[in-house]
Structures are given as C-alpha cells and as structure tokens.
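Dropping the structures in below, format is structure tokens.
Same chain, two partners: chain A is paired with chain B first, then with chain C.
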Partner chain A sequence: MDSIFFYRNLEIVAPKDGHLQGVKIAIQPNISVAGWPTEAGSKALLNFKAIEDATIVQRLRQAGAFVCGSTHMSEFGFGLAGSKAGEALRRQAADVELVLDLMGESRLAALHAAACGFKPSYGLVSQFGLIGLIPSMECCGLLSRNLKNIREILQTIAGPDELDFSIPDEEIPNFSPQEIDPQKTTIGFITEPQNELSNDKEAIFRYSVDELKKAGFSLREMSLPDFSLFSLVHKIVGSVEASSCAGRYDSVRYGPRALGTKNWNDMYLLSRGAAFGLLLKSYLFQGAFFQFENYGAYENACRIRARLLTDMQLLLSQADFLVFPIDNGATSGASELLADTYNQFASTVFANVTGQPALYLPPVSGAAHLGFQLAGPRLSDARLLAVGEYLLNMRNGGK
Partner chain B sequence: MLFSQRVFCGQITPDDVGRKVLLGGWVDAFRDHGGLLFIHLRDRSGIMQIVFSPEVASADLCQRAASLHAEYCIAVTGEVKKRLAGTENPNIETGNIELMATELTVLSESDTLPFTVSEKAMVPATVDRSADKVAEDLRLQYRYLDIRRPSMRDNLMARHRIFQCVREFLDSKGFLEIETPVLTSSTPEGARDYLVPSRLHPHNFYALPQSPQLFKQLLMIGGMERYFQIARCFRDEDLRPNRQPEFTQLDIEASFIDEEFIYELVEELTVKMFAVVGIKLSRPFARITYADAMDTTGSDRPDLRFGLRFVDVTDVFYQTNYSIFRQILQRGGYIKGINIKGQSEMLSKNVLQNEYAKEIAPSFGAKGMTWMRSEGGKLESNIVQFFSNQELEALRKKFDVADGDVLIMIADPSYAIVTSALGQLRLHLANRLSLIPANSFFPVWITEFPLFEATDEGAVTSSHHPFTAPDRIDFDPKNIEELLMLRSRAYDLVMNGEELGGGSIRINDRNLQRKIFAALGLTEEETREKFGFFLRAFDFGAPPHGGLALGMDRTVSMILQTPSIREVIAFPKNRSAACPLTGAPSAVKREQLAELRLLNLGAQDLLLGTAQKGNRIDHLSWVSRIGISAKERPVMEQILTQAEELVLLATQKAGKEEPIRNVAPVTNHTRPGTEEKRSALSQTGQLLKSAPAVKGNYYKVASILE
Partner chain C sequence: MEFEAVIGLEIHVELNCTTKMFCDCPNRPGDDPNVNTCPTCLWFPGAMPRFSQEALEKASILCLGLSAELQPLSAFDQKVYYYPDLPKGFQLSQAHFPLACGGGIDITNEDGKTKRLRLHHIHMEEDVAKLVHEMEGRLPISLVDFNRAGSPLVEIVTEPDFRTPYEAMEFLKALRTQVRYVGSSECSMENGTMRVDANISIRPSGTNQMNTKVEVKNMNSIRHVGDAIAHEISRQSACMQAGETIILHTRLWDPDKKLTLPMRTKFEGPCVPDPKVPVIKLSPDWIEKMRSRLPEMPAARAERFVKQHGLTDEEANFLSSDPEVARFFEALIGQGIAPRTAMHWLITQLIPAVKDRQLDLSSSPVTPARFASLLRMLSQDEINANAAREVLVYLFDSDESPKKIVVARGFQQVSDPKALDGLIDKVLTAQPETVAKVRGGQDKAMGFLIGQVMKAAGGKANPKIIRELLVKKLSEIL
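Coming up: the complex of A and B.
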C-alpha cells in the first residue's frame, strides 16, 4: 500500500473534537504540512520540506480531521502521469482525498476510483500553502465516496483567509444540508460536447440524462458552439501562467542546483533544464513561446475566455445546472506528450477555464457507463452538492 | 522681451534690484499661499524665486501661474525685488531677492515626473536629495531629467572644468591634441575587443580601440614630439562595479624624455585638476616600488591614507614548535602580520576568532588567521600557549606591541596568498575601524614592476605590453628565471587604493624589441603577423619616448568623491553594461545581419528552415532559462509547430471582447498590521533550510560573472 503514498503520517494523533473527527484525509505533496516533504511531484522541489501548514490543513486539523499522508502526484499536478490520485479511496486508505485540479485531474481521478469528485468554485478555498502551476485556473479538488464528507470539508476550509490575498471578497455559500425540489430545478445539456464522443459513449451519456429525467428534474437541450475552444484557451493561458509561475524554481531558495555552473545564467539554465520532466518542460516551453514570441495569441486567448465566460453565464441563466459527459480520452495511460494530455482532459477543462464548480458523479454501481459531471454557476457549490446528494439518495432508494 | 535679452537665474544679484529681466528655465518647486504664488525657477546657473502677486500681476496671469507644474519649461518677465526681512532662503544663492512676475509664457509642459528633480527646498529646511534614493536604472532611463538635478549638473560642470584645465595645461607644455581612429584593428592590450563587422569586407572586423597605444607611438615616430588626446576607449570586460565598457582616457605621449619628465608633468597636472574644486595636493608624490607595495600592503595599488602596514615575521618562527607554522615554513612559506594599534576594545576575542579567523580571512583565500591581543603586558590568544617566550618576545619587538594592540597574522606556503589575504584584511579592518581619514588624498607612484609574469605553461608573458622598456638590456631571452627578475620602466599613478593611470617608457630600439619578442616565445613570423605594420615603423629611426594614460572618469569621480563613476558620466551604461535610456545593446534585424553576412557563420549547409527553428529553440531555451537536451529537441520542435497552430486558431476565433485574466472579482487585500517586521520563519533560519547553498544569512548564488 505504501506505493500510493509519497509520505505517510505515522504520528499518532489523539482524535480531536470537531465535526470532522475521525475523517481520514489524504492530501498531495503540493499542500504544505510543516515538516513534511513537499515536492509537488517535481525534481524542482527535491527534498523540500514545508515550513508552515497550509491554511486548509490548519483548518482541517482544527476541525478534528486526520491528515493521513500525501499521495504520489504528477509533476505540479499537471495531468495524471505518475499520479496515484484516487488510489487511497480505492484501497480504503482514506475517506477523502484532496487532489489539485488544473484541468480536471480530480474528476478523472474520481472516475478512476469510482467515487465522487468535486472541483469547487475558483477563489472559494484558500491557496495559501498550496503549490500550484496555473493560478487563474487551478483549485483543490475533493474526492470521496460520500458527498456529505465533501460538503462538510468545504464548509470547514472555504472562505476568506488573511494569508491569501487572492481570495475575492464574496459571500461564501451556505453548506448546511438543503432541500432540492427537482420539479423546480432545470438541468441543461449541451449538444456540442456529445458530438466529440464516440457513438457508444454518446449512448452512455444519454443514459445519464435519463437518470436525471427519472429523478424528476426538467431537462433542457442547449447549445454552446464554441465548446471546443475551452481547450484552446486552457492550452494557451495555462501554459503562459505555468511558464511564469515556474519561474520561481531557480535553484536559489529550494531545489537541487546543477553543479559546476560558471555564472548565474548558467545556473538557471542547467538547474531548470534538469528540474523539469519532459511533459512539464514541453508545457513551459510552449508558455515561453507565447510569452516571448507571440504575446498576441495569449491576449486573444484571454478574449476568447471572456466570451466563453459570458456564453456559460447565459446558459446558466436559462438552466440551474448543466450536465456534461466525462471522457477519459483515447489515451488514459501516462503519456508524456502534451497533446495526449490535453486530449485526455477535453471533457473536464471547461470548468477550470470558467472557474465554475463541477461535480463528477460515478455511475450507479454495476452500470456500464462512465458517470457524468454536473456544473453550476460560480459559488453555487452548496446547491450543486445538494443536487448530487439528492441523486445519490435516489439511487439508494430514498424518497 | 526677446530671448536675446534673457539673463541667467544664478547671475542675478541684489545689485539688480529694480531691473526688469526675462528669465527662462524649468519650474523647480511650487508653493501656493492662497492668492500669492511662489515658484522656484531653475536654469543651469541656479534658482530664482518668482512671485505671482495679484498686486503686480493681472488676474489672468495669476490664474495661468496657478496651473504650472513641476518641470514645465517657462519664460518669465518681471522686476527684481529684495525679499522681505525674514523670508530669505539660505538654500539658494539668490535667496535674498525675488522676481515679481508681470509676464509668463509656458514654453512646454511636462508629464508627471518619474522621480523628483528638485533638490532645493523653498523654505529654509534640510536639503531634500530624494533622487539619491531613486533606483539607478530609472535615473539612467530618464537621464535627461536626472541631469537637471543640481548635483548631477554640478558633476558635469566640474568635469568640463577639469577637462578644460587639462587642455590648457598640456597646451601650455607644448602638447598637441591629435585624434586617432576609432575603427581600427585589434591592439595588444589584455582585454577583449569590441568588434565592428565590415560590410564591404565580409567576415572581417574592425576593433574599437582599447587604447590608442599603437597610434600614439606612431605619432612619436612621426615626429609629433608631444601628443595628448582625450580618447574614448572600449573594453569588453566582465562586469565590475566601477567599470564602464567605454571610458574616457587622457592619453599622453612624449619623445626624448625619461620617467622624471612624466612624473613632473603628471604631478603638476594632477595638482591642477584637483585644485579645480579646491583640493590641495602636495608634491612631490610618494614613490614606492611594486615589491615594497606588495610586501607592506599586499596590493599594487595600495591605499596609503592609513597605516596597518605588514610586518614580516617569518624569521621569528624558524624554530617554532607550533606545528601549523612549522609545516608552512618547511614548505618554504611566509608569515606576515599587522599590528592594529590600540584597537583591542573594538576587536574582542569573539570577533577575532569567530568573524575574522573563521569567516572573513577564509573568504579572502587564507586557510587560517592567527590573532593575538596585548593585555597587561602579555600577548593573549587561543593558541598563545603553543609559542615559546622567545617567540612571543620577538613578536612584541617586531610589531612594537603596546597594551591594547591587536596582532593578526597570516601564514601560508604561497607568498601570493599571504599578501593578498592580508591585504584584503587590511582594507576590511580599516573600514570597520574607521581608520581612513575623510577628505584625504594620498597619491603615490608605483614603480619597478616586473617586466614579465610567469605563465602556467612555464613561459613568460608581458605584465604590461611588449613595448615597455626593461630596466636593463643585457638579459638572456632564453633564461626564464632571469626574465622574471627583470623590472620594467613602467609606472602607475595610484590614489587612495585606486589606479588612476599608468604608463611606461617604451622600447625604441628594434634589436631590443626583437629580443623581447624572442623572450615571449614569438617567432619572427608571428610577430610580423601580429604587429607587422607597427614594427616596420621602428625601422625608420624611432625616437626614445614614453607616456601615460589617465582614466578620466575615475579621476573626476575621485576629485568629486562620487559614489560611482557613473555619477560623472552624462550617459553611462548601467552595471549590466546596458543603457536603460536607449535600450542598447539591442537585437538587430535579420536583414542587417544578412547584409553583413553574419548569418550562419561557419555553419554547415542546413535544410531550409531548420536553422531558424533550431535558433528559436535555443532562443526560447535561453529566455526562459530552461536547458533543452539534444534528446528533448525533437519534442520541442513539435511543441513549436503545435503552438503555431494555436496562434492561428486563437487569432481566428478571438473577437473584440476585453481580455480577462481572472474569473473572480479582483480585490485588493493588505496584510493586517502596519509595522514592518521580519518573518518569524526568517528569524529562526527556517526559510534558508531548503536552500541548496547558503552563506551566512543569505541565499548563495553563482556569481554573475564567469
């Protein structure tokens, strides 16, 4: 079992009071816990030990949760190559996993673990103490078999943090249990993502939509012609942000330094050349191309992002939630090629571009489909989870 | 009034009271006393207070004056008045008078300034030199504003006056100012050349002169007798704090002279240059041989404003039982020390052992440092018990020790390490103990340099350049040991630890010159190839001659006591050898390179397009500072191809929307608390714990230079 964990918390901690008492949480080594090796899956942080607790860790422990270790992750959480996300749930080593979501990693990992995966609204959870890569798109996703766990953890960790200046001043959703009236809840489904699916997968998705219909929700067919541009925006904006974000890995404050460099330019060039794996290096290199040679493309991508955001808001003014298929792509393995990685996440990347919350629900046990994603407007996290809880409840023969 | 009638602000005196004058300049400062407006008008000569009073000026004029801002360029007419008693401003020279404005023309407006230009307070108060705190690159980017500041203006004016003084003096001594070319070929100075590609001769280059050395000697052969030039010289050297890639050198050469002529001339000139700003230097300047300078200060440009001379105590320890010294002496080593008189209170055991012996001396290249303090008639130290009474007594005598003295000693098998480490300790201690008297100048000639230095390959190379005359001519050019004993007829002028200039008496006998080349191991053919045209000139009756070059930027900086030479240069390069104002050095168009045939120099014929892509990978790898291995290159090429497609798609699909960079509303947060404080993690050293290299309380990085 040890191969799941990058670091295991072997200290015996007396259970604390609090509503999360006894909940075992596995994190990833991009989340700082004082004294824990925190390499974020990269050689650029080899042997780096966190010196402070991340705000979310501090809040989780305060609420009585037990942070049981960190699982192997891909380099800076980008893609799932080398990642063990979801394994701790699958092997029942943890009740909840926190998984960095840059383009859908937490939802695909949940699919793999046949558990629920939730990517909260952008800006809802403190990033303090979290090592990231794409500041305007990433957030800490949550995996659990049980949506109540996810809801209660969000209740604990969401909200302003005076150490995280990036959190907007907004009203935090109320995560107490809420009633859902399916008759009064419209769920839209967009045709374009389905066009990208193979025939059998499309049929599978129809099956998901049927489940929603049976549960009593009103379904509405909608269109978002530019759906394929989410990937484009993510590729350009994400790589530019990553390139600039990874500038800090310069072998001065942390990380290994190449030996025998003559001057500091050499030191940067060689140390950074040795620090990044091929996939990440490709991504940073692509980002550098836009930054230094074609900044206009980045600006254009930001324009398209603005349009996509408006389109999404328009759709969500006509429906309460949207249902999306999920597809783990043609190559679900660990490809080191950037194009393959993006193909793998084509169905999930939209929520990172818009910052909206997205919930992955696994299929009814035994069913041959992949499950689906539900997404709502930014900060609708509590209601979205409530819809999810309602559906799971229905599956269990509830009302 | 016409501009021809304009007078300068700084030239108006109380004698002008009642005169109507026209002034032109810049608004330096501005004060509004409700109806009564005061401005400081500044031109190159000084500052004049202008008053816009409703009693004298029309309402329209007052209104226009109220809309003035800092650094507007204006012309003002008015009458000179004496200031009311009690309103004088001692900060400016015209502080007893003011101008009652009757006319105002705004000649041109100014944008908001990147930094404050004004240095003179309008009311009696401390002088505001806020520009001194401005980042230097910002000052250099807006140098034209920076030199409006009176302190920079004063520097440039003083520089001008010093240069004028040089020209007048040398003219009076019969020197001709003659210009030499800037586009020339490589000269035998030590540094790298700046090269200028020739378009008409593809793949050939001019070199910018590192000094006019060869030309000035040719001028002597040409019978010009006495020459000088204020020459711009160029050296492509690694960055050092007080160096510029181009610098101004006063170049002097004279025929039928010897060293004494140069000493006399340059001393007189130096005294005159310093006198420009009222600094008196006494003559004759001290002279010290290179060997003495190294022996007693560890430097060939010694700072002699303070003592702390070395004492050689090698012989004291020939019989010592102290094993470290014994081993060093067995290997033919040296032990030298300094008596820091009366400083034992400032240099505690802790400071000497933990700072100097453990940190500072090793950072200067010494393997260790021995220290002793004299207290109650006894020498004390952590190792004093290893020395015999005779040794301690001999030390007391050699160092002339009194109570309160501190001795430091460096022992090492290498003379160079002993003198270099002790020399740096000497400077470190002098600064730390404030032993350097302020406003003092100690010029000294360094003489009798070695003619040759040994190379790693067991041969010799010129210490100066191969045209420097040796002190004697009867040497054997094959005998390396003898060559290394030769002294040159070179001299350096050093002041306060800085080399202001140097020169030598040159060789004028072609046979002697051949002998020197032979000593350097150059064949006839090699010398012809390297210096052919120059040596040919010596075949036509070269007169005895010699000269000197003074670094004028450094000299002016010393005279004005500025913190860096950039303060006395109108448009200097910054510490990275770049010009923030013009952006030089900058990339050039491919077409320009193509025209100069500088593309694909030495490259094989490559498939069309691959060279460009290869270059792009190198370029991106460099700008993003990510090394790309040969194995990774094909992947990066693919990435570039894909990225090009993304560019096309993004261009096609983008509309006119405002680009967004954040999906959540941006709010500005401030950390709670108002006091500055150090992070607790930094105080406990935690922050440094993950660093690959640390020195003291800092992250350690590779040096900027090679």
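Coming up: the complex of A and C.
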C-alpha cells in the first residue's frame, strides 16, 4: 500500500456516530489535516505539516467518516503524472477518494479505476485548507464505486463556511434521493467534441449515447462550435493564475531553500528553481509569459471564457443535461510535457473553465467503451447525481 | 528657460481597524514582533483570506469624507513581486476596480487663491511585513515582523494637479485633518500611519507637456515631502538645462543630506484578479448608510462657526481642524458659555494645559461640563481670571467641582468695597509719585495702582471694583 499512500492514518478509531459511519475516505496531501504532512506533491512544500483541519475534513470526521490517509499526487494536483488517484479504490483500500480536479483529474482517474468520478459546481464546497494551483478552476473531486457515497459526502461537505468567504451566497442543492423521469429529461449531445475523436472512439461514444436512449431519455443533437477553445482558455488563464498564486511557494520556509547565496534575490531564484518539477516549471513560465509579456492575450482569454460560459448556459437552457465523451488522449499518464498534458485533458477541461458540475460514469462492466461524462448547469449537482444513479440502477436491471 | 513642476501624490493611509484586513488578528503593528499573526496573515498553504467588514466601512467613510464616489463594484487583484516582506509573492490590492473614483480637496495656495486638487481614485490594499535590518556581531541580518502583514490600507492617488511643494504640503495637511475627522486613521507620517510617495516631472512653464516622471519615497513628515519635492524640481531642472534626459525611476529622500538618491526598483508586473476574495458590491442603500455616518467636515463646520458664533475665519479654522477641539467647543456653547470666552479659554488655557500633561481633550479629567462651570463663575464675577487659571490646575488633580475648589481654597473674588477700602488707602499712601502721575493723566500709572491693590489682596480682588474705587478716591482727594 506504500506505493499508493503518501501518508497513512494508523490511528485505531472507534466508529463514530453519523451518517458516514464506517465510510473510509482517502484524500490527497493537498487537503489539510492538522499534523499530517501536507506537501501537495511538491518539493516546494517539503516537510510542511498542516496546522489546521480543512473544513471538508472537519465535516467528514464529524459525520463519522474515517479519513484513512492521503495518496501520492502530481505536483499541486496538475495532471496525473506521479498521481495514484483511483488506486485506493481499485485496491479496495478506500470507499471514496477525494481528488483535486484542475482540468479533469478526478474524472480521468475514475476512468482508470473504472469507478464514478464527480467534479462538483465551483463554489459549492469550501476550499479552506485546500492547497491548489488555479484558484478559479480547481475544486475537490470525488471518486467512488457508487454514487450514493458521493451524494452523501456532498451533503456533508457542501455549503457555506465561515472560513471561506469565496463561497457565493446561493441555495445549496438538496442531496437526498430524488425521482428521475427520463421521458421528461432532455440530454443534449454536442457534435464538436466527437469530431476530435478517432473513428473507433467516436463509435464507442455512440454506444454510450445509445444507453441513454435505451434508458428512455430524450436526446438532442447540439452544436458548440468553439469547443476547442476551452483548452486554450484554460491554458492561458490557468497558467497565469498558477504563476501568480504559486508565488507563495517560494521554498524559503519549506522546501529546498538554497544556501550560501550572495543575496536574497539569488536565494529566491535558486530555491524556486530547485523546488518545482519540469511540468510545473514550464506551466509557471508560460503563465509568467502571458502575465508580463503578453497581458493582452490573458485579457482576451478571460473574455473568451465569459463567452464560452454564455454559450454553455444557452445550450443548457435547451437541454437539462449534456453528454460528453471522455478520452484519455494518446499518452496515458506520465508525460511531463505541457502539450501532452493538455491533450490528455482535452475532453474534461470544459467543466473547469465554466465551473459547472460534471459526472463521469464508467462503462457497463465488460463493455469495450470508455464510459462518458454528463454535465449540468451550475448547482444542478444533486439532479445530475440522481440521473447517474438512475442509469446505474437501470444497468442493474431496473429499480 | 523657466520650468514648472507637475506633481502627483500617492498616499498610503493605514486604517485604524481593530483587526487586519483578511483575518481576525489584532491590527497593532507596534506590539512585540510577530505576536499578531495567524496562518492567514503568515500566508500558509491552504489559508483563505476573509475580508473584513470593518475595513470596508472605514475605507468607505474615508472615501466619502474626501468627496470621492464609491463604486458599485470593486475587486481585489494579486500584485506580484518577490521580496522578503511578502512571502506570499503577491499583495492583495485593487488594481483594476478601485473602491472609489474622483473626489478632491480645496486648499488655499501661495497666491491666496482657492485651488481644487483632484483625486484620481482610492483603492484598498493589505500592508506587507516589516523588515528590520540589524547587525549580529559583524554580520548584517534582516528580520521580518509580520505584525503589520495584512494591516488594512487605503491608497489615495491624486491627479497631477500640483505645481509647487507648498500645494503638496497644504493638501497633505488638509487630507490629514479630513481623514482624522471621519475617524478612519490617525494619519501620522511620523508614526507611519500615513506614507507619501511623490511623482514629479518638469516642463517648460506654460506648456501642456507630460514628461517622464520620477518617483520619490521615504519622506516621514509633511515638511520632508515639501523639501524632497523642492529638491527634485531643482535637480531635474538642472538635468534639463544640461541637456540630460530624465528616465523613469524611483529615488529615496535622505532627510539628513536633504537630497534624493536613486534606488533599485522592485520588479512589478500587471495584476491578476484574485478569485478567492469575493467581488465587493455596494448597494445605493449601503452607501447612503455610510454617508449618514459621516460627521460634518471641517470646512463646513468652520463656515458654520463663523456664521453662528461670530468667530473670525482664522479662529473658526483652528477650532474645526481637530474634531475633538470642535466637539469640546460646541459642548461649552451647549453649556451656555459665550462663544468668544469659550474659544479664548479653550485655545489659550485648556489645550496647552492638556498638552503639557500629555493627555487628550477626550481623556482629560477636565470635561466640558467642569470647564464650563469654571468659565461660568468667571463670567459671573465670582472669580477673576487669575483665580480661574489657578483653579484649572486643581481641576486636573482632583475630581471636586470647580465651585467646591473655589470655596475650599478661597479663590472667590473680593468685590466688597469695604474690604478693599483699607488696602486702597495703604497703596495710595505708599505710592505718592504714582498718584501724581495718574493725576497728570497717565493711564499706565492707573494700571500699576490696580496691580498693587490686587497684589495686596492676594490676587483675589475684582479688578473692575478696584478701578471704580480708585477713580472715586482720587477724585475725592482732589
């Protein structure tokens, strides 16, 4: 298990009361648990032990869940290189995994683990105590074999937090079980993402759309001509935010602080140089380039982001949910190249740009396809999960 | 060639909030180093900024006090730079959408004319940590004190409306008065709660050119701001005369050598919106609520003092420049004291006495009620001015009423002619030469006689009665 876990909670805890009693949850070391090493996968935070519990940890424990440890993660959760997300589920070491989702990591990890993966609406779950990289895009994703777990955990961790003022003042979805009438539910499928798939993958995706049809949902073909811009916008806006926010990871208090330098400017340069891995460094360089050398491109990307958000809202005024293919790209995981990483997440990154909830459902066991993603409007999280649960029930032979 | 200067100011004002801007730590930068800190203001991984409502209110009232227009929407950005006073790597500041725009202050310039000096905008930002440079033996070391990290600041950015050091100094004095008035800050350059940077460029007089500016920092009094600007104008003029080009850079004022020296600038780039601090939306109702908390501003108050109480402009300006003094004055009027008496005794006696004892008007034991009761005895001739000054001293050391002090210590004025008769006779007998001078029509000599009688009466006699009696007696003897 050491190959999966970065840190294991070896406490023997008597089961606590609460509706999550006995649920074993693996987190990642970007989520603060007081006293636990919390290095977020980066040398820049070497030896950093969290001082306070993250709000989600405090809420999970209060509900009786057992936080069993943290799994190895990619540097600041960016991409899946070096990540063991999904492995704890696969090896049955946990019932649920919390995985930082910056560009689709929780959904792709779920694909590898043949489990369900959910990225909640942006602003639904407190970020207090979470270490991240791209504040306007990232949130805590959830992986589990069943959606009931995900639903109940969200019920526990979602909603206002007096320690996180960034949560908008909105009505929190009710995560109790709800009825779905497929005949009254329209699911749109957008043609553009399919154009980027190879022929056989497109055929595989058609297979998933068929499953929705068979379940009785009404399907509607739609178009989002600028779909390919999601990646580009994420690349520019995300890298600028990362470059600005990662300023705090200066490797002076934690991480490999350079010794014997002439002055503090040199000390900063050398320490930061030694702190970050190749992938993250190229990302931060890219962000710094846009921030300092081509700010206009950043401003344009922000404008395009706003337009994409409007486009998406328009589509979701004509359909209740949208179905998207998922594709783990040509390279399957460990590339340290920025371009490869973005290719890998081309099918998932849209939900991080818009902040909408997205659910990955694995294929019917034994089927050849890759599963698919369902996405809904902001704060439709509970209904989206209900649709997922309905589909999984159908696979098990109906109600 | 004649040159004129184009000057703009950037003024940082530290708000006197109880907590820091993004956490609940006490906003007391002067405490022992690093006691007022938490994971948020130490910028630990995972910490979240929690914007303080108090900071927003104090900043907003400050903006309204300077007639700036609060914006319905403002937001915080990340201002990136690397320096040990900012381990987070960025400062939260409002670069793109400031809290308020416009506004200005009227001053009287060297020519005696009223001049409006306009503000460009006012934005909020967090302060950074303080660096302390020391020697450890022969090794220079730098220490970081995070008490100040996250303290709430506003930055007031003016238009380049200033032409002379005098205008800048008058502006800063008026700004200080107005900000103190609204109660948002002490605005002391000496204590660092007001910090001023000046941007200065010069151009041939009478033209509209906007030339390359030079920023000057490190002035810690209003006078230094004036001196630094004056020095910079002559330095730049000399450069221009010599045909040198002015380059954009920052200079530090050296108060000992009285000159500016170039400094290494910090690397700063464009700001990126911060997604973690919520956007600030101010409703018209909320803005009106803040406006209703605004006290009467000094200029308006001075005008009212002239109209209502018949004071001169100078007296009214003095009384209204400090809100505590103005409040005290009005409290005395409320107790029925004549405005001129109140003004005179407040300015010449009470304020110096309070200062001598290192107190404030508000914390001094001489409350408006006690001071008024003293002045009432004076105006009703129960005591004379000498006695009033002495009783004032007792008022600081005892909490007895002025009346009791006067009675217990025998400060009552002697106005009974019978009691004074004998004393006057003695003085007249002892001073035949002076008596002769009075008779010769010398008024000064009369004053001397009054003084002698007062001295004989232990300072307690009523000078009006003495004069009456003296006049009567001298005419009788004739």
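Everything below uses one rule, namely that the second predicted complex is superposed on the first by the 396 of 399 C-alpha atoms of A that agree within 3 Å, B and C clash if a C-alpha of one lies under 4 Å from a C-alpha of the other, contacts with A are read in each partner's own complex, and residues count from 1 in each chain.
By definition in this document, a residue touches a chain if its C-beta (ideal position, glycine included) is under 8 Å from a C-beta of that chain, and two chains touch if they have at least 3 such contacts.
Being a predicted model, the structure only gives us computed values, none of them experimental.
Trainee: Specify the outcome, clash or fit, for chain B and chain C once both structures are aligned onto chain A.
Mentor: After superposition on chain A, which the two structures share, chain B runs into chain C.
Trainee: Using the touch definition from the top, say if A:R248 reaches chain B (first), chain C (second), both or neither.
Mentor: In the superposition, A:R248 contacts chain C only.
Trainee: Thinking of the overlay built on chain A, is A:N300 touched by chain B (first), by chain C (second), by both, or by neither?
Mentor: In the superposition, A:N300 contacts chain B only.
Trainee: Kindly classify A:F289 by the partners it touches after superposition: chain B alone (first), chain C alone (second), both, or neither?
Mentor: The answer is first: A:F289 touches chain B but not chain C.
Trainee: With both complexes superposed on chain A, which partner does A:D210 reach: first (chain B), second (chain C), both or neither?
Mentor: Touch status of A:D210: no partner.
Trainee: With the two complexes superposed on chain A, say which partner A:E192 touches: chain B (first), chain C (second), both, or neither.
Mentor: neither
Trainee: Is A:F276 touching the first partner chain B, the second partner chain C, both, or neither of them?
Mentor: The first partner, chain B, only.
Trainee: May I ask you to decide whether A:Y268 touches chain B, chain C, both, or neither, giving the answer as first, second, both or neither?
Mentor: both
Trainee: Touching A:L130 in the superposition: chain B (first), chain C (second), both, neither?
Mentor: It touches chain C, and chain B stays clear.
Trainee: Pick one for A:F165: touches chain B only (first), chain C only (second), both, or neither.
Mentor: A:F165 contacts both chain B and chain C.
Trainee: Looking at chain A, which partner touches more of its residues: chain C or chain B?
Mentor: B
Trainee: Taking the contacts chain A makes with chain B in one complex and with chain C in the other, which residues are shared?
Mentor: Dual-contact residues (chain A): 48, 51-52, 136, 165, 168, 250, 252-253, 264-265, 268, 291-292.
Trainee: Show me the residue ranges of chain C that touch chain A in the complex, using the header's touch definition.
Mentor: Per the stated touch rule, the residues are 39, 43-46, 48-51, 78, 80, 82, 84, 87-90, 142, 269-270, 272, 274-278.
Trainee: Spell out the residues on chain A that touch chain B in their complex, using ranges where they run on.
Mentor: 47-49, 51-52, 122-123, 136, 162, 165, 167-170, 226, 229, 232, 235-236, 243, 250-257, 261-270, 272-274, 276, 278, 281-282, 284-294, 296-297, 299-307, 309-310, 337-339, 353-355, 378
Trainee: Applying the document's contact rule, which stretches of chain A touch chain C when the two form their complex?
Mentor: Those in contact with chain C are residues 32, 38, 40, 45, 48, 50-52, 54, 127-131, 135-136, 163-166, 168, 240-241, 244-250, 252-253, 264-265, 268, 291-292, 295, 298.
Trainee: Under the definition above, what is the set of chain B residues touching chain A in their complex?
Mentor: For chain B paired with chain A, touching residues are 616, 619-629, 632, 635-636, 639-640, 642-643, 646-647, 649-651, 653-669, 671-672, 681, 686-687, 689-693, 699, 701-706.
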